[in-house]
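Paired with subunit B in one complex and with subunit C in the other, subunit A is shared by the two complexes that follow.
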Partner chain A sequence: MNRYLKLVHLEVQRFRYVLFGLMALTLIIQSIAIVWTSRNEMSRIREHEAIRAYYAEHPYSFAFAVSNAYFWLAVPILISVVVLALYVFGIWYRDWFGRDTFAYRLLTLPTARRNVYLAKATAILLFVFSMVAFQLLAMPFYQWLFRLAVPADLREPASLAEAVRGSPVFELLIPTDFTQFLIYYGFGIIAVFIVFTAILLERSYRWRGIFYAIVYIAACLAAFFLPLLLPVMDGNHYLYRTEILAIMIGIAILILAASIALGFRLIARKITV
Partner chain B sequence: MIELSHVRKRFGFKKVLQDVSFTAEQGQITCLIGLNGAGKSTILKAIMGLTPIQGGAIRIDGRPPGKDMYERVSYIPDHLIVPPSQRLSEALRFMEDFYRSWNPARANELMAFFGLDAKERAGNLSKGTAAKFNLVLGLAQDTDYVIMDEPFSGIDLFSRESVAAVFSSELVGERGVLLTTHEVGEIEFLLDKAVLLRQGTVARSFDCERVRSEEGKSVVDVMREVLLA
Partner chain C sequence: MVKMKRYAVTLALVLLMAASLTTYYAYGAKLRLPEYRLQTLEGDPAEGAELRIEGSFVGGKGSYYLGVTAEGSEYGNDSLWQRLLYTGNAWIRRDIPDIGALYREHSQFMRGKTNENGFYHDKDWLVYADAEVVQPDLRLVWRIDVLETSTGQRIRYNGEGAEPLGQMDFVNVIDVQKAGDDIHVLTGQGRLGRPEEYRDEVFDAETGKPVRSVKLQLGEPSAPDRELQINYIAEQTLTAPNPHLVFIVEQLGTKSANPAESGVAAAADGAVAEAVPNDQRPKILSRSAMVYSYESGEMDSFPLTVESDESAPEEIWSSRLLVGDTLSILTAAKDAVTVTHYNVTDGSKAAETIIRADQIGQGEIKSALMANNRIYVLVKKDENTDMPIAAVADAADGRILYRGQPVLEDPNGRPQEQLDDVWLSYLGVRR
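Take a look at the complex of A and B:
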């Protein structure tokens, strides 16, 4: 456990500047977006009587500001998603390529190799949830910026939940329904482990491994989506939609277990530098 | 004793090791010798579990390789295996964190011996300096065996002399050393045993001193006979 935690610490340390960079980028771009959109709207209110009259009846809220600024609020999120998605591959391949192949050291540590695998997976999940938590923590700050930009007589209160619902990207990132949150991030976690195992197939078998990895990912996707071919309950058929969803979740859990087991075996017995 | 018994290894359809059997004893310096592509580095990686074998067996003191082996066998590859952004002091701390066999006092002694600056980043080191730091990471562990892959590769004459001096010092001591090198002529006087590889098999394995005294041949002479035949 101790060695596993040290490996997690190592992986987090190696990515910390990129992570802080993404957080800074998110804070800066989203702050500017909220302030610029709000002040722009205030300018329109001052210049046009009709718009002033409209806002007298329907005060401007933080949720409305989020909705107006959704494109520029989404840009840093999408950049972060792309960077983290690439790092799911980079967290392995950076140790193999380049002048100093750190993989030699990781694979000759006096610890079970599955700890190396789990530490990398844990690090990725920590980065993802750190960004999500950072986004959540930034929302009250953006709300404060909004209050600075919009006079009190022209704004109305809005909850953070309403603000999240104001942007489709926020709704995807921070679902207000906990079950949705579990489903989105649960499937994301499973996808990370599937990709990890595919990478280990490639690192173990090289050119043949690329083929095995593609077949493996295709097999996982096929297994996961197979229940969708089942007919839904409509009087003539047997299963309700929720039952089909439950089957898919069960298959996803099996895929997760299989991916982890295969990944452990590959890193312990088959991997080559 | 490090023991390889009928080891077979292929990469795809290419057979790299066909039937390799030899031993490397504790307290001796054993040199794996062969032309480029003979499989020397592959053997060392197989011993360290860095590449799987398709047949045969590898044993360290009678036991198959496992994670505990890395406390008893240290590996010095032919390139630095430290993240480029990491400082040498951080790399030393990493070793202390993970290896119970790590000897910090010896590490400091080796850093001073090689004249290395712990504040330097690994990515900024020259090839020769990186090779020296590699030796620090391998030799500062209190292990029974040290495996080295081309420890003299790409370093200048004077650095090679200081590296060679390490072999006959207490820094190696009674440990078993298994190494590969192309600079056989320069370190021949240090070798106890030589294992000659040709086309994936052991062409000849011999005691260097015995061959010198009984046959009047140097290791290089035997190399010419066997590898160029």
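Take a look at the complex of A and C:
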């Protein structure tokens, strides 16, 4: 356990500047977006009597500001998603294609090789959830900026949940419904393990491995989405929706377990350094 | 300590993640919408227990469905988990008490069932019947599923009916009843562009096989420039036995310009109709109730009241209900609700029950419905954000048993301007 945690820390250290850079980028762009949108709206109010009269009846809220600024709020989030998605591959390949073949040192450490696999997976998930948590922490700061930009007589309070619902990207990233959060990020966790195992297939078998990896990913996707076709195939609606849901959850757990087991086997026995 | 410093970044990320997500889902993710409750103004609170006043809360950003009951507020933002588990089979509503009971008691039998009008249930039998038009021949195929609950014996039939009916474009199963050894499946069926015809398809309860097909005679227009409008009313409790089915047949004074709508047009009744100004509606020349008996196969009729244009107030809507042998017709106008009860076995009419808006409160009647031997009425002063008053009256004599009004219980931090933006204008009864 100790060695596993040290490996996690090692992965975090290797990526920390990129992570902090993404956080800083998010904070800067989103702050500018909130302030610019709010001040723009205040200018419109000053210039147009009809808009001023409307806002006297329906004060401007932080939720509306988020809704109006949703594009620029989404840009740093999308950049972060792309960077983290690429790093799911990069966390492995940088070890093989770097100058010092770091993979050799990593895989000859006096620790079970599965700890390397688990540490990399943990690190990726830690980066993802850290970015999500950072977004949540930044929201009160953006609310404070909003209050600075909009006079008290023209604004009304809005809850964090309303603000999140104001942007479709926020609703996807930090859904207000906890079940949706579990489903979205559950899919994401399973996807990370599937990709990790596909990478290890490639590293184990090289050119043939690419083919195996593609087939493996396709098989996992097919297995997972097959229950969704059940209501279409089952013209008599024989299965209840709860049963289809249970089947899907069961298959997802099986795919996760199979990916981890296969990944352990590959990294322990197939990958040579 | 030095060792811990080495891991500061990792520890900080873990703490950040745990603290933020926990706080958000424990507290921050809640919308904190204001809470309302239906408060008793007068009468027995038990009478108001089934009431739900419906509308929306539009304060802040977005509009949220709001239902107010004696227990509090119901906002229409069920969690994804509740939606996944609750909707079950999307074709049949489980919130209907008798249907929900069938799902609980006979879950295997209920698999694959898609028409909530297709059930019959008594202490010994559970029957499901449905029909569909099969491509490419456009022929009707019937599906009968019978469970004898005392023995567990199950009989299924899947095939054509007793008579070849030719090609059909549509078929709707309206009601299923059992009389003796016969299962009666009352359907509306036909071809597009032609009048719908009603048939009683009879199947044997022991074997599930078809026995006979009876076409119901509901009359013809008495002149070329007239048309019939037909609504059917089945037993209010979907699965309960009822030896009768009622058709309301109205003869209208002018033929519709759309040939597809001329002749006979029908709809399941009990629905609230849209308001239509008197001068744009076809003139109703006559109205009668035609009562079909499943056991005898006979059709009896008796006349129903038709309001004259001069004396009738502007009609807002009407609804009809069949419970056992009693056909109840509710007619609502802005200032009063009138309910008339008929005994379908002999056509006799009980005294009318009238409930005036001023008996309930200031304003106009916005919604009215019948259920559970009660008449539920909603009165509201202003179209917009005024709080309505709901009343429950005895269906037999119109006595007001309960009056209630939604009140604000907890603003949940919402400012007064938002609290004023609640629109409650509809009445519902929790089943």
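Following the convention adopted for this analysis, the second predicted complex is superposed on the first by the 266 of 273 C-alpha atoms of A that agree within 3 Å, B and C clash if a C-alpha of one lies under 4 Å from a C-alpha of the other, contacts with A are read in each partner's own complex, and residues count from 1 in each chain.
As a working rule, a residue touches a chain if its C-beta (ideal position, glycine included) is under 8 Å from a C-beta of that chain, and two chains touch if they have at least 3 such contacts.
All figures in this text were calculated on a predicted structure; none of them were measured in a lab.
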item: Combined model on subunit A where subunit B meets subunit C, clash or fit; value: fit
item: Vertex subunit A, arms to subunit B and subunit C (CA centres, degrees, nearest 10); value: 150
item: Partner chain in contact with A:Phe102 - subunit B first, subunit C second, else both or neither; value: first
item: First (subunit B), second (subunit C), both or neither touched by A:Glu156; value: second
item: Which of subunit B and subunit C A:Gln180 touches, first, second, both or neither; value: second
item: Partner chain(s) touched by A:Trp207 [first = subunit B, second = subunit C, both, neither]; value: first
item: First, second, both or neither for A:Arg3, with subunit B first and subunit C second; value: first
item: Comparison of subunit B and subunit C by subunit A residues contacted; value: C
item: First (subunit B), second (subunit C), both or neither touched by A:Thr111; value: first
item: Superposed arrangement (fit on chain A Cα atoms) - minimum subunit B/subunit C Cα distance in Å; value: 11
item: Residues on subunit A lying within both footprints (that of subunit B and that of subunit C); value: none
item: Touching residues on subunit A, where the partner in the complex is subunit B; value: 3, 6, 10, 14, 98-105, 107-113, 206-208, 269-273
item: Interfacial residue positions of subunit C with respect to subunit A in the complex; value: 6-7, 9-10, 13-14, 16-17, 19-21, 23-25, 28-32, 60-62, 79-81, 84-85, 87-91, 107, 111-114, 413, 415, 417-418
item: Touching residues on subunit A, where the partner in the complex is subunit C; value: 8-9, 12-13, 16, 19, 57, 59, 61, 63-64, 67, 126, 129-130, 132-134, 136-137, 156-162, 164-166, 174, 176-181, 183, 236-242, 245
item: Residue ranges of subunit B in contact with subunit A within the complex; value: 11-12, 45, 48-52, 67-71, 75, 77, 79-85, 94, 97-100, 122-123
